[in-house]
Every structure is written in C-alpha cells, then in structure tokens.
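Pasting in a structure now, in structure tokens, and then I'll have a few things to ask.
For clarity, chains are labelled A, B, C and D in written order, and residue numbers in each chain start from 1.
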C-alpha cells in the first residue's frame, strides 16, 4: 500500500510536466502518466505544483549568542520550516575557541535530537586552529558533516585569520569537503563600531553604516585569492551586495570555483528599513543582521545573479530574536543588538511571489535555488532535492491559488515579528510530505511529534 | 503494448538515478523503480546510461555555397546524427538577398522532407531587410520557425549592417523570437584577406591569420551593445575564443541576456592543425571553418565556460566538404576553400570522452549541453530534451564500456575525412529511440526509410 | 631690444615658479630670477599666472554643413580664440567623397589665409578611400598635415566602414601619423532617428535620445580592436561618457595606445539642458551637438579622467550656429538642427574656474590639458605648448583676480548665444602674446590685422 | 660669481630644449639661449643631456634586520647614489613595536647626520598603534616627515592589521600626509613558509614560491578598499606584478587615488634568476627580496605601466647584503636569507639604457619617474625635481656617449655583488651638482666630506 499523488504539475530544477507520483514507504517509486494501483491512498494534486521539499542550508536554531539565545529552537524552527515547505535544514554547530569540534557537535545533537519536524544536518563552524582540529575535520566528514564554516568577521569571537583560512582550505581539499565563509572584514568593522560609539551614535542604522559594502567586497576578494592559491572551491554565505557579486564574477573569470548563497532579505529588503518611523526609532533593530541590508540596486543585482545562475542557493540565515525582550538589549547601543532575523517559514513563498510571479526567475530556477542545488552542493542528492524515482518522498504540493499576507500574528515561527510583515504571499503549502508522511495540510502542521532525522551527508559536488 | 527499458541509469540535466522506463507509442508514459507490464517488449539497459536524445542546434546539410554543395545532405547527415545519439537537428534555411523568407523555407523543406532520420526544425537566416521581411518574420514564427540568424561576417553575401541588426532585434522582441548571430567583423576580414592575397599568401593557415580573435570579440561586443539597446536576449553561435567569452561575461555583468553556443572543434582542436605536415601542406584545409581554430588557452577557457554555465549549448556547425574534390577548390587560394567541417556524428561521444571522463564537466552538464538547453532555448521542451513522463521517447541507451577510435573509414557521415581522426572514443549508442522507435543498435542504423518529422517550434525561454 | 615680462608666476605642465621672461623677436630667449636688460620694454606680470598660449586642437570654422555655414569663420573664430587665451587652433579640412585630399586642403587654406588671429594648422578628414587617397596621405604629411580624421558616424556623408579604418590606420602607422576618430555608431543612429521621426518625435531632446551612450561605447570598442590589430595609436575626439571612458581604460589594460580628448561641454553641461523651459521648448537646440550631453555622473567621470591622466586634451569642437536663423532650420525636426556649439573663447576660463579653482585638477594639469599635450600629440612641441627658452613667445598673462560672467552679449564669438550663458568666470587674459607680439589686453584684441601663421607640423609623439 | 653650464640639452618631465643654465650659490638663477656673465666659471655641457638630480624615494641604509645590518650605511649608500646621478634619497625610519616614532626618528638622524653625500629625508614606518602614535604623527609632519609607511607583511615584526591601516589612513587624511604600503599578505606568507620548511625545502627559489603573486594582489585590493572607505590617497611601494597593476587600475576606475612605485629589479629581472647555475645553487640568494622577482610578462606589464603613467615613481628599495657573510645566513634555510638587494647606484642608468634607448619610455618620462614625481608626491617640489629658475641647482650632466658595463668590481656601493652584473650601461654622470656644488665628475666622487642636508618636507600633492 502506498500513496498516489494524482495530476500535479511536477517541477524539478529542469522539468515541468503533469504526472502521477506513487510513494511507497519513504520513497518515490513511480512517476507515470496515469498510474492506478488499487490499494493506494489517492490524493489529488490537480491544479497544484509539485516541488521537491525545500532545503534551507543556513539556519541558526537555539543559538546562544552570549547575551541571549535565539527565539526559535529546533522545535519551533523546524516546525516553521515545514509549514513553509522546507523539509530539510542545515544548521551550524560551532566550535568554541579552545574546544573541540566533537564537543560542539555533541552539543548541537543534544539541541536537535527528537526536536526536528524536518530532516536536518550540520555544518561545523571552526573558530580555532591546531593539529587536533585538523585531524578532527576528517572525523566530522566521517560522521556526515562534510561542510565547514569560517568567519572573516566577529573579531575576538569567531573570526579567523588568513593563515587559518589557507590551512583549513588545504585540509578541506584533502577531504573533498567544502567550507562556507562569512565574508566581512572584522578588523575594519571593529574600528568603525568604535568610531561610531565614540561619536555617540546609538541607533540601529549605525549597524549598517559600520558594515559598509567595502568590507564585504574586500573579504570576498581576499577569500577568493586564497581559494585560488589552494585551488579548491569555496562557498560564500549570505551575499548581500552588487559589489560583492561583481567581485565574484571577476574571480570566476580567472577560474576560481565558488558557490554563492543569498537570502530573501537581501533580495527584498533595503537599507531604508533601518530608518524606521523616525530617526530615533528602534524599529530598525528588527533588520539588524550581518551583513546589513543594502540598496535597491543591490537587490536587483542579486535577482540578476539568481536569474543568470551566478547565485545558486537561497538560504535564510534564520536567526530570530524577539523585538521585545531581545533586540532591545541594544536599545541604547546598536552594537549590542543581537544580530539576525527570522525567515525559514517564508523563504519559498517569497521566492515564488516576488521571483517567479514577477518573472525575475522561472519556476525551475526557484526549485533549484530553494532545494536542488543545496542538495547537490551539500551531499544529500538525489536523496533530497528532486522529484525522481528512488528519492525520498519529500514532496510539496503547492496551492498556487492561495493569496494571503505575511504577518507575525499568523506565523509559526516563535518570534514576535517578521521582517516581511505585510508582504503579499501568493501560493502556500497544500500538503507537505516528509519521507512519505504527510506532515502539513493547508499550512498547518498535522503531526504532533517531530519525525525529522539526522542526515549523514557525503561530499557534495 | 509498449516497450520497457529496464535498469538503466537515467541521466537528465538535473537527475541521475536507476529506474525503468515505459514507452507507449511515441511517448514516455512511466518511470518506476520496478515496472512490470506483461505484454511489453522488455529491453535491458542495465549497466548503461540513459540520456535524452541529443539535439544538434547547428547543422548545415545540403548547403550550396556557390562553388559547391556540402558533402552531407539531410539524408546522410541525419543518418550520421542518429548513429551518434542525436535525434533532433536544427538546420539553417537562408534567405537570398532580394528574395523572401518564405521562398528560402520552401527550398529547405524540399531538401529535408522524407530524407531525415531524426526530427528536424529550421532557423531562418535573414540577409536582407525591408518591410516585407519584417512582416514575414511573424509568418515564420507561425509555422514554427521561432529562431532567426544574422551574419556579421561574409561581406557582400550574408553580412548585414548594424541598422538591420537593430531592426531585426526589435522585431524579434515583439515576436518573442530569438536571433542567432555569427559574430565576426566581415569588413575587417575582407581587408585582411585582400592583404594576404596581395602578399601572395596562399596556404590554409592564412584562413586563420585573416580572422584574428579581435574580429570575433569586436563583433560580440557590438552585438551585445545593440542587444542592450533593444533590451532583448540574443544567441551567439560557435564561440571560439577566450577573448569572446570574457567579452560576453562583461556584458552579462551589465545585465545583457545572451545564450552562448560553442562546438567540439573549438574545445578540442587548435590552430596547430593548420600547419599540416609541412608549411606547403594543404592538410590544414580540413580545418578551414569560420571562426577558425584558436589556441589551447582558448580551448581551456571554453571548457571552463561549459563547466561554469557560461556556455549552455554545444552544437556542431556541421558543414562538410570532401578534402578531395571540394576543399581543394582552394588549393592555390586559401580564401576559396569551402568553409566548414563535419561533426554531427561525434558530438556526444567527444563531449563524453573528453569532457565527462576527464572531469571537465559532469554528466548532467553533458546532457544539458547536448540536449536539454537547446530544447528549452529553441522551443521544443519538454517534448524533446529530457527523460520525463509525457516527453517524446527520444532515448539514448549509452554503452559506456565501448572503446573505439574516431575515423573517416568507419564513420556514417558522407565525407572523406573527419577532423577528429584518431581521437579516442569512449562510449557509444547501444540503442537509440526516436519517438519510441528503435532506430540504432550498437552504432548501426537499423531502419531503412527515414522517419524524422518536422518540428513546429514555439518560442523558447 | 626685447620685451621683459617681470615677476609672473610661470606655470607649465610640470613647473610652477616665479621668474622674469625675456622675449626677443618671436621667441623666449631667457628666463631668470631677476633679469635686467636696459633697452627692453618692461611689462609687469606681478600677481599673474603665466601660461603657455592655449592650443585648441578641435575647431570647425567656416564649416559648410549643407544647409548652412557655421556662424564663426576663421576671422571671428580665431579672434575669439585669442581673447580667451588660445594662440593656436587646429581646424579640420575634410575631403568630399570622390574628391582629393589636396582639393580639400586647398579650400581650407583659402578660408583661413590672412584671416587668422592665431597660428593655425589642419587635420585632414578622410571620407573616401582608394589608392590615390592612400598616396595623398604622404603628401599631407609632407606639407605639415600629420593628423587625419575618420568618422564612424554620419552615415552617407562622412562615415567610413571598418575596412577603411583598418587601411587608413595601416597607412598612418607607415607614416608615423595619427588619426582622430569620431566614435559613434552611425548605422544605429540612423535607424534610431528614423524610428523617432516615424513616431513624430520632433523636439531637440530626441537628438540625445537617438544617440544613446551605447553607440559611443560601441564605436570606441570597435575602434580600439582595430587599433590593436594594426598596433598603432589612435586619438579619440570629444569623449562624452563614463561608459566610453571605462571602455578605453579596459583597452589600455590590454596595451592599446590611445589619446583621449574631451570638451568643456561634456564636463560642465548635462542632458537636462535639452529640456529647455518646457517640453515644447526649442531652447534645447542650442545644445544639439554630437555626441550629445550626458548625465552628471558622466561629467564627474570625465573630470576624474582629466585628474587621473586618462584624458590628456581638452578641445572645444567649436562649431557655432546662431540660435535664430540657423538652429531653427530644425524647428519642426530635431534631425535637421545643425550640430554644434561655440566654445573656443571660454575653454581656458572654464577649465580654470570649474577645474582648478574647485580642486578637480591642478593648475599644471590645466596647462597640460589646454596646451602642452596637444602640442606634443600634434607635432608642434616645443615650438608651442610650453614656456621655455627657444619656444615661441606665445604667452598668456592670466589675471587671476578678474571675476565676471560668461554671456553672449559680451563675447567675441560671432554667434547669438553661448551654452555657458550665466556661468561664472574667474580669471581672464590680461595680456596675450603671439610669437612675441602682444595681441590682447584685458580681454580686448589690440591688433587690427590678423597675424596668425600656418603651422607646418611634424609627427607628434 | 656663479657657474655657467653651457649648451646642454635640458630635459624636464615636460620640456626638452637647448639652453645655458646659470647657477648662483645653491640655486638656478637663469636659463637662457646664450647667457654671458663675465665672472662666471664656464662649464660646457655641449652634447650632454641635463637632468634634474635624481630622487630615490626608497632606500634602506644602515638597516638592522636583526641577524645583520645592511652592507651600505648612509655614507657608502649616498656616495653610490650621487655617482649614479641621485642627489636626494628618502630613507625609512621605523618604529619598534612598543616604542615611539620620535625615538625611531632620533636613531635615524644619528645614523644619517654628517654621513650623507646627497640630501636626504625620511619616511616613518609605523608598526604599532595607540593614541600616542596617533598624536606623534602630527609631530612628525611638523619636523618634515610628511610620509609614513605601513607593512601588510612580516607578521610578528612589522605587520599591522586592517584596523590599524584604517586608523592610520584616517589620521593621515587629517594631516594631509601620505602613507606608503608594503602590499603582501603576511599571514599567508607565514603559512606558506611553514609548509615549505616542513617539506624540507631550503633553496632560495622557495623564497619566491612562498610569496606568490596572489599575496601581492590580495594585499593591494584590501588596501585600496580601505583607502576608498577613508577616501584618501595611498602610495604603493615596489609593485612587482601585472596582477597587482591590473588590480590597481580596476580600483582607479572606481575613483580610488593611488600613487604607484616600482623598482628596476621588477622591470629587468625575473624569477629565472632564482635558479642559479643548478638546483642546489645558492646564487639565487642575491635576488631574495620582497616581493620576489616575477615573470617576464610582469616585467612587460610594469614597463607599460611606466609608459602609460599608471606607475609614476621608480625607487630602488636599496637594501644591500653581502653575498658572502650576510646572504649566507640563510644557506640552509631560505627563510633566513636577509631580504633585499642593492640598486641606488644604477637606477638612472638602467632606466636610460633599458627604458629610453629601447623606446619603452621617453626621456621626459624618465625624468618624471626618477625625479620629478617623487619630488611632488613627497613634498620637496620645486626645490627638487626639476630644472627651473629658483630650484636647487641639483643638476646632472649626462654623458650620453659613455658605454660601459655594470659590475660589482667597479661599483661604489659597499656590497660584494650587484643583481645587474654584466648589464650594459649606456650613459653616465659627467658632472653632478648638489645645490650648486660639483660633487661628481665622470662617475667619480670629487669631494671628500659629505655635504648632504636633511630635507624638511611639506605635504606633497
């Protein structure tokens, strides 16, 4: 006995066609033009799109940032994920300086286990380097952590120097692993923040002004030089600017291999959001994230990047803090505002509404950007990331007739605001299947207990 | 009753998985993990790749170049195509100056009808411009000719000026059609040829020396300025150089939309081939084509272009002339050597052997480059270009264990040489299906009468 | 007996110092810290700058454009020149299609002889090509015409094709001569004008809209490709855009050698001038010139070009037509408005006021841009273009305390408007010497009969 | 009573003419076409060029590098300078970490005082940052040290981080001072050296291999981003590569203001010199300097940079160590070889012989590159850097008929080798005047006691 999903318009990164899908257990077992199987449960997908379950390759659930812990933990975060059509998330475990990768991983497992409504994996953030870390990188790969992360920003906490970048890339090349990079020049940011504070600048807009576009472009250029020296691919997270995009294109012209991720906020929001209602408003704190929001010309350049294939992945960098009670830690000092914003729930709807329906990207590109390419890059393809025989039955039936509005009031995310408040939403999840089990109906989670599993990843392409 | 293709490794532009394929009539009707249907003919594809039938978007069969007619007509050319795994070709009809598009199309239909072993469509070459041509462009789209071609080279015969390029692009934008461009500056080439002839330079190498890379880059830059003015996509045929590639990348950075095609000869051969055995050798004539072969650094840049997605289509510009009896028209004057070389038969094998097996591209990219993207760009997707339920059963079962060598002696192409003589060939067509009918077994055509049909194309993406 | 110019601040392209200058006959014979010579006429230059006489390398005096003849002939034009501190002009003789260079030169000599208040030379415009023209180029060099001009715009009248550009550059390389280029794509402009006229667009703004920046950048890119092929320097007249500037910088990175000229109008005026008082206003006609005025961002990019040495010459393209009686030929058809604007009189004052005093360029750069570099490039250095012993005593004593306003009412130019009406003017000519003779005092011409001589130029650097 | 230098061909950055020069005391007082003054000492310069005295803006005399002290101190170094036509040098004082600028300056004065055969000034190297250093920068400007230096390489000794670069540039902007930068990424170099040593790589070639061109381009790109943020000009010392040059050109396109210096070694020598006679040879140690020698394509790109004005200064980075007794400290460990090579003596002759006589640059450019531009950039113009009335009589009479060969045997530099051994030398100093005093005749120093004075510099342009 299986499930027969009938008459949907199946969309993959390449294809678009009408067919029935048959699920048996956790897998897709057949796709056909008119499948009949007497004992199957038949579900109609007529008039709907069928997408592979979304993959958000960039979340921070249950993240302790010192002064506070993110509003969303793995439970609420992954619940929001599936509501939005995302059936896999990749979160970041992060080594504390002086500690082991193994330790960081253990902590992260404890946070995630039995709490995830979708399947999950981890990247490992490295903040310290020594021979033991070098050796642990192989251990990580062996347990399915095939991607790492280094920070070029956050001096004194997360930031590593160029020598470590070089050594870690050498090691990642040996292991055929991939390293993701947060590209902002932390040394300069620190000085700019000091300057601003000396000048008694306090409001959220100074978060943006102390992280100008030059510090992103600079870090990208530097990273890509090191990547060229080592001759190995790198992954750039949350690209925010046209300057950064152009810098990447120049390096690719020389032959540097780089995968690029951006996030909905860098496509849809701009620096005008920092201003809030008036100059003393703290509303801008909702948009305090790193890198900061840029100009509309940057938005456009990033949409072009999606359309032209220069950016292959849209993650969210979901990192939520309540406006009341958390963001306001920085009420009188912008530099203390916890960095980050929520997004995991609305990623696919935003891409669909503001990308596909406006013609900025086509629907196959949307699937590639929100699912397929992340699956390939991070080593879970074709188990995840496509609608094909043999793949996990992670399936989104997308009700394209739904019209609504994004609002904190109605969201599943456990946070008191959304940066997309009032944004139109066209389309939503009619049904979401996770490994063959229906977990969402019409935007509501229909299961009680989380059923997400850890993903032991292999090396991606 | 249908055909059941069992156990192959299905490769699309995105996917790679093992499954059975069921064909009914001309279509793929089901893909499943273990399909059983009692009355089907069962064919094993175990151990083989399954590709969508190849699409060669650039052939010249039965082309009259004034002094002679190509060695391959539609009959021999399409026969060679299917042997090589190409089940669709797009050939060029070309208006004569002062004549109508309708007239050119009629002639081309006469040449192709009932002679094609694969499905076929036409692009329409425009060499003259007036109000009537402007109006005929719509007629062409109405009969399925949704792509056109303009030549920036071949002064006095095919070349159009920049005003016509502008006007034709405006019109193509109105019609949502696409124009392909031969990008070489014909004015300069004419002068360089005159210079060479005055200097009594006669041997084939002067073909290359009178078409330096600058004339390609210049024409590309010019075209992309006009495309930017008109704000419509363009298609560049047979890109041959790194300089041209970089020029395209710079224009894309500004937002210009352009599809790029290259050919196996520009990936695998270089200008050293013009030298032949000694300086007076005429061997180089085999490689006289336009644009000419370049340097190995250009080959590498184009491979990078394939790998990075900057080039999306590999056609052949198949245009064959016998070395003895045709190429030798230019024995004492390089400028009289008929331009062109054969290739339709070996395109996929060359990409597989020298691209996939060397790691320069992956196997999904190979499928995209040789089939899927051409289908999308030229408006025949998803009928052609993929392995999906509802698509035409144009299927290649690829014997990956075959090892051979390319040679004129064994080729199906009706021409007395191949530019790839002695090249290794790994893999070949075990079975080729055209709309459900098996037409090739183990590299041999198994049908007598051509069954190819004309493709009424719609506007591509 | 000579003239002793005492106490001025001598400014050359390199130097800035206080010294006395002694003139004997037509030459500077000594520069010293305190020269005394009993029988000299002593003139105080205390508190003034001393510049080498200006060189305007781009004027069109007495030019017949078919429908009318420029308002300024050589008499009024050169009179305005010396009033403004320009003691040398280089005007354009232009071959008519089908006629000889010799014929064009003869006509130009007839127009200029005995009518010039400053020294003068000619560039030779070539509009037609054949063996005889090829041979005449050497004749021109022999009589001191060492620079030529080709037009990439003005289809059917002046425009040449790329083959002619190539051949003329080859010839200029043999002769060590230099060719100046008007870089706009005439084919496209013609089509855009046709389009505009079909749409019944009539007002002057359409002059600008039918000559978009793309047609300038395209022509520059094309020219520089040909120059690279021929491997010889070229000269670009009246650069108007940032896009063009960047295109030149890219070519220079590859090694192409190019001299660049711009004009005050492209530094100081922008497209807003076309709008006039209201949309139906014809005021914009005053600014109808080719290339047209651009955006303020283009102005800034060109100022940067001056400051960074990417542009080495500021000419005027002086080509004056009265607003009443000449510009209004195009009252109901923008494409009939005679192209051009006056400027020879105000060039140096504009550069001084808006360049030097604003800090955009320094005063040595001003001298280089308005005099020295033109002298070097066009083969009249060090006779002209500097303040040095042995050079012609073409000397401007610049009253830096003068403050006035530019106005048609007070100008010497024989035209009923100036594009700089109402512009502030700081500084003016206190004395101008032409080969040792004082010809201007406090902005007034003090001689009756013109004394300018023809300059037999040699090949420039 | 003065000195009358008769009949020379005076060459400045702009001019070239024949005239007499009259010197009175330390100054040039007159330049004239035929000066007679009865009581002057008359010296013939007929047949010679007359250049302004050379300025070497980059020397390290008496530098203690820890393991040893440079072979040339101020005495021998400046003696070699004047022999080669250089009458001004700018050396580097360098703060030790934790110490004051004042202290470093005091030490440097002690080393230089009464020992200099030419005039001299200092740049101040900053290696540490705090409020006191910030304040001392103004003190330095007040005593004539208007330029500073920061190192992006030499981790743990000289290197500063990006935050310090930002702060120092902010401060230099306030003071209208200029900062020079050594652009190599020290973090990466350190790792590469560690790698090489672990691999037991010992020979001098590994010096070059551990400082690849990427580390120079990266540092340049980073610096120019910071300069853009601060909006102030910067100075790049000893540019060595085409990659670096192109990176600079790209930043200038955006508007970044940067002065660029290269050295004769990067124009004339390449990495083949590291190989020595055989692989185990230590000869390569003579060329161990940072950045290292590059490829011939880099040489060519830098020559183009000189010719096109993209590089405005040629210094030497003279830093000499004997091959026997000093360089051999690194006999079994390339990383211990003292960095640097001699050059102050041969700079002008090399530029003249290999630049001017080959046509790569013209003779005015040579003067600008070896004298004028350094004078302007570093605030000693027009006292130094030109031949003009009122300027110091620092004059080189250049015997252009001399033909010789560069050799350690005949050099004045106090070091046992020269990297230019066996290089042809055309031209040499016939007479050198320092502030009116003749100090060199025919390549021999004719005074016993050094007469050089400290130059209190003002802010340069």
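Note that in this section contacts are C-beta pairs under 8 Å (C-beta built on N, C-alpha and C of every residue); 3 or more make two chains touch, one makes a residue touch a chain.
Since the model is a prediction, treat every value here as computed from it, not as a measurement.
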### Query
Quick one: which chain's Cα centre is the longest way from chain C's?
A
### Message
From the mean C-alpha coordinate of chain A to that of chain D, what's the distance rounded to whole Å?
### Response
51
### Query
How many angstrom lie between the CA centroids of chain C and chain D, rounded to a whole number?
39
### Query
What residues in chain D touch two or more of the other chains?
none
### Task
Would you identify the shape of the chain contact graph, picking one of line, ring, star, complete or other?
ring
### Message
Which residues of chain C touch chain B once you look at their complex with the stated criterion?
### Response
161-163, 166-167, 185, 187-188, 190-192, 212, 214-215, 217-218, 221-222, 225-226, 228-229
### Message
Per the contact definition, I'd like the list of chain C residues that touch chain D in the complex.
### Response
12-19, 22, 27, 29-35, 246, 249, 252-253, 255, 304, 308-309, 362, 368, 372, 382, 386, 388-391, 461
